[in-house]
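In what comes next, chain A is part of two complexes: it sits with chain B in the first one and with chain C in the second one.
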Partner chain A sequence: MVASDLVFQSLLNGILLGGIYAVAALGLSLVFGIMDIVNLAHGHMLMVGAYVAILLFGVLGVTPIIGMVVAFLVLFVLGMALQRFLLERVVGEGLEQPIIVLFGLALMLQSIGRILVGSESQATEIGIPGEAIAVGTATLSFPRVVTFVISVVLILGTWAFLKYTTTGLAIRATAQNSSAAQYMGIDTDNIYVITLGLGTGLAGAAGALLSMLFPIDPFVGWSYLLKAFAVVVLGGVGSVAGTLVGGLILGVSENVGVLYLGGGFRDIISFTIFLLVLLVRPHGLFGSSGGGE
Partner chain B sequence: MVDSDVPQSRRRYLKTLGAVGAVGTSGLAGCTLIGGSGGGEGTVTIAATVPETGQFSSLGNAVKQGYELGVQTMNEELDQDVELIMQDDESDAEVVRQNLNQITSDNQVDMIWGSFSSLLVTAGSAFAENQGLPFIGAFFAFEGPHRNEGYEWTYSPFPKSRDVARSTRGLLELIPEEERPTNVGLWEPNSGWGNEQAQYWEDTLSSAGYDVVMRETFSLGSQDFSSLISQSESANVEVLLSTPTPPGGITAINQMQSNNWSPDIVKFVRAADPTAWWSALGEKGAYACMCPGWVPGLTGGGNDTLRTMYEEEYGLEEGQLIRSPVGGAYNVAQTAMQALQGADSTDPGDVQSALRSEEFETVIGTFSFEDNGLPAEGELTAPTGQWWEGNQHTVYPDVDGPGAIDFQYPIPDWSER
Partner chain C sequence: MASMTDSFAGLFDTRRRIAAFVAVVLALAAVPFSTTSYITDIVFTGLVFVVLGVSWNLIAGYAGQISLGHAAFFGTGAFVSAWLTTPARAGLPEAIQSPVIVAAIGGALGAGLLAAVLGPVLFRLTGHYFAIGTLAMASIVQLVLLDQRRFSGGSTGYYINNNMTEDTMFLLMLAATVLVVLVTYAIVNSRAGLGMRAIHDDESAASSLGVNPLKYKMYAFVVSSVMAGLAGGLYAQFTLYVNPESTLSVVWMVDTLVVVILGGMGTMGGPLIGAGLFLLLDNGLRSFAGEFATVIEGGLIIAFIVFIPGGLYTLLSDRYGRDEQSADADVDGTAESPPPNEQ
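Right, the complex of A and B next:
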């Protein structure tokens, strides 16, 4: 029988981890929900963001939080350029065209990463110094608490942006009905450019956060893409709140599940949940067939 | 542990006698003769791959140095030239096979040397078994393939899982009995070797009176050790033993610090082998133990020669010690050299017979092989090293060579480090 204090500890660890999963999935969910594009390069953009933060920290001594902001901006610009100069040209050519382009981009980013930094994991900690925090019988890692808080702020910020700004309103309108949005004077091409920029920018920020906790190598993109997919399916495509809840469910299930089943079952647990949700509630916990927030 | 660098004259005498006999037989067979028997023609060609890039690249360069110094020694000791054809295997088993295929297609290869880690060494070994070529590989503790794959050509002069467990028990016994920790925690990677090593640890330490209070599996490549850390703390683990990859081990230590937990003793076999350990962790990496096959501090068996050659060839800065994979790789070359001398031929069958029958004296002690290529149980030295002030030092066995130190125990709390 597993001790209750151990379950409590794992529950808290799972919540902290779930926040990171949520922010890693947020950009994927937005792009999927609003543009109907499965960004297969999302994980690799996350990897690029991580390396931006690692580079800034290692070479210039820039704090990880500032590194995260820079990573967001770099990937935001990269995402906008991607939409403007590449994806825009293949939209309307069929569903598979953007997927092929993004799959190629993922492979390209992975190869460039391998050439520039090698295949070895960057396990050097760039985390935030600080003492562990005691919560009852549990101990929480300070860097994880900080990254969790930042993750929640990012998620709430994204929600507020979509909810309360004119651009956010235009994005939601475009997601609901792009033709109607065009008739109402919204430049949907620009909206798509901003949306992909936002989605990839969030991937960059998530990568910078992950680099504070976990080793990064040019191949991590695929594993985070799969986790992000699981979170999106759990929470519902395009739902900001659903992404947060999906991330938390995944993090908690993994951490508590391994107590009973063993660490080798971590990925099995997450993908079993993923498949079950697909079967029982394909549009996710918070999603709807219409998409959008 | 071996205690002398002086060659064994009796054995050399017997080998010379044997070589005289071999001149006739192998001459008829057209084989190349080796050793001090009058000399033969040609070159001994050895194929090898090392991980210069990829997940094991932080060790690849040290392995390469050890092989190169070993070939230098072979060229001095043998009458024939030794050529080592070495390529980067990118830490990828498929690349190991491709490289060896290419080298053996383009050259008359007499022997193959292994790479690093069970993953890559077994790939090279499988190739050598198919080709019927002698294969000598270190950095490969997994015993399973030796027992299950029907090895005929693979020989591993390296501490195996049972030796690692023996070394761990010896390490713990350095601590006075009244202070000795008893609670052992095992973090078991879900791999064949991970399971085998954990089982040896459990059996060996349980029978010696230790309590294995935790044994939990994790996925090799996992980046989140928070559950294992919580479980270890809850089980009051005092001695933590595991076999993670180098990035995994480094991440685990970082997460132990951020969770404010550490045991009294940490032994991360293979994870703490590379210099990347200290580069990534600095003082946080101190106290970590490993069982890398060779550690600076061992004496005899050519250790003095190795040290001198290394300093001449690569130089050592003030306070810097030779990296452990150098010695492990040099030991491969010493084994190969003595096998060739024992065989007095490069004929694969003769070398195989020598590997099965000879006794070898290298920087990791004196040992022989079982027919399945395992080092005979309990013979070679399985030193435990410990990171201290930026270097790996021998802490077990209790030797007095340059680089040996007293076992640093217990690991203080993070707040006191």
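Right, the complex of A and C next:
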């Protein structure tokens, strides 16, 4: 049996990790919910975001938190360009085209990453100084707490953006009924460009956050894509609050599961949860596909 | 869609085309005896990609189910065949030690069994969920084998013994390729093939007309996986080495995709042309573009799907013969929103 102290420690670490998983999934979930596109390159964009932060920290000594903002902006622009110049041409042509375009993009990002930085793992080994925090019998590492807080801020910020800004309103309107939105004078093409930018920007930010805690290599894309999608399925497509819940569930199950099954099972646990949830609820734990908010 | 098969059937109607097919097969059969072992290697890999391309095309191009887990079936075939010829290394009983042909068939059946077990689960999913679900399934298979070092050899890999010469292995692979192409051709032009295409075009319409979608999806999935497993089984016996990292790698899926997309999805000739082109690309590009070869392949997938969605086969055979109905099939009238994001 595993000692209860260890379980408690893993539970807390799982919650802290879950916050980042939620950010990693948020962009994927919004794009899926609003545009009905699964961004198969989401994990690879996250990897790019991580390297932006690592590079800025390693070369210029820029603090990873600023690095995260830069990673967000870089991926925001990349995502907008992707929608404007590629996806716009294939969406509505059937299911296969967007899936294959994004699969090809993922492949390109992975290969470019490998050429630029090699196959070795890298970490920022930051960055955020501070004492470990004691919680009962457990201790929380300060960087983990900081990244968790940033994650929650990002999620709340995205929620507020969708809820209270005009653009956010237009995005929700487009998600509900794009033709009606068009009649109301919303430029839905532009809304899709902004939505994909936001989704990929969040992938970049999540990558930067992950780079503060874990080593990154150019091949992590597939794994994080599947984890992010697991969170989407757990939390419900397009739901901001659900994404946070899904992230926490995944983070906790991974960390506690690893205690009992061993480190080699970390990804097996999350992918299996994902398949099991789909088995019970083919369109996700909380409901129907599509729809904003 | 129908016109594509018709043009292909028309292609084969003439004796000239059959003669050409036979000539190509005979020419390929001469490869190991008339060229260097380097070229034999390359052509062997090409045959593996013909099988992978043709089999993935059956499930994705014809039945319209974008599976991203093909690597799992290739890898399963490879490992089962490795265990069957070289059981001692995995601690399996000596009694199951089998000749190469039996081992390769065992690999194919192993992959088919995996597909038969997982299919009913995966086909609860549709569209995007199916694509990601199959990707997750392939990852799980790979991770489990990575973890089970005893059976997989871990990161050092698993070395295989057999007493076949490279030439014999090549001929076996060629025979398997011809078999796979002919079987697929027969399926595509049978009632089942018609059912698959009906599901591809519009699943709910097909279902309301009495086509059982699950039956045809499972048919395509299991047959396709058996073929991928056969390719894996023979590939393992040719290279005499399998490794969970590379044999089950998503790279096999990527390369299969390149083959089918470049050649033409949903056409019989597409994967054949695609595999040839892929070989040229892969070997040619690597010599001058080096590491950028993979980047270019990714770019080609995107460029083809955006600008030449029918692939080279359709481009070559008949520019205007392509039936666009699968693109705008929305017969059930439930679409509330117009493009760009229906379905």
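Just so it is clear, the second predicted complex is superposed on the first by the 281 of 293 C-alpha atoms of A that agree within 3 Å, B and C clash if a C-alpha of one lies under 4 Å from a C-alpha of the other, contacts with A are read in each partner's own complex, and residues count from 1 in each chain.
One rule holds for everything that comes next: a residue touches a chain if its C-beta (ideal position, glycine included) is under 8 Å from a C-beta of that chain, and two chains touch if they have at least 3 such contacts.
Computed from a predicted model, the values in this text were never measured in an experiment.
Contacts of A:61 after superposition: neither chain B nor chain C is touched. Once the two complexes are overlaid on the shared chain, A:264 sits against chain B and chain C alike.
In the superposed pair of complexes, A:185 makes contact with neither chain B nor chain C. Shared-chain residue A:131: touches chain B; no touch with chain C.
Of the two partner chains, chain C is the only one that A:103 touches; chain B does not reach it.
Judged by the number of chain A residues each one touches, C leads among chain B and chain C. Touch criterion met: A:142 reaches chain B, while chain C stays clear of it. Applying the stated contact rule after C-alpha superposition, one finds that A:91 touches chain C and leaves chain B untouched.
In the superposition on chain A, A:5 makes contact with chain B only, not with chain C. The interface of chain A with chain B overlaps its interface with chain C at residues 262, 264, 267. Put simply, chain A touches chain C in their complex at residues 32, 35-38, 40, 86, 88-97, 99-101, 103-108, 110-112, 114-115, 177-179, 192, 222-223, 225-226, 229-230, 262, 264-265, 267-268, 271-272, 274-275, 278-279, 282-283. Residues 53-55, 57-58, 90-91, 190, 216-219, 222-224, 226-228, 230-231, 233-234, 246-247, 250-251, 254-255, 258-261, 276, 279-281, 415 of chain B are the ones touching chain A in the complex.
Listing the residues of chain A that touch chain B in their complex gives 3, 5-6, 9-10, 13, 17, 118-121, 123-125, 127, 131-132, 138-144, 213-215, 217, 255, 258-259, 262-264, 266-267.
Contact residues on chain C toward chain A in their complex (touch as defined above): 60, 64, 66, 68, 121, 124-129, 131-133, 135-137, 139-140, 143-144, 146-147, 250, 254, 257, 261, 265, 291-292, 294-295, 297-302, 305-306, 309, 326-327, 329, 336-343.
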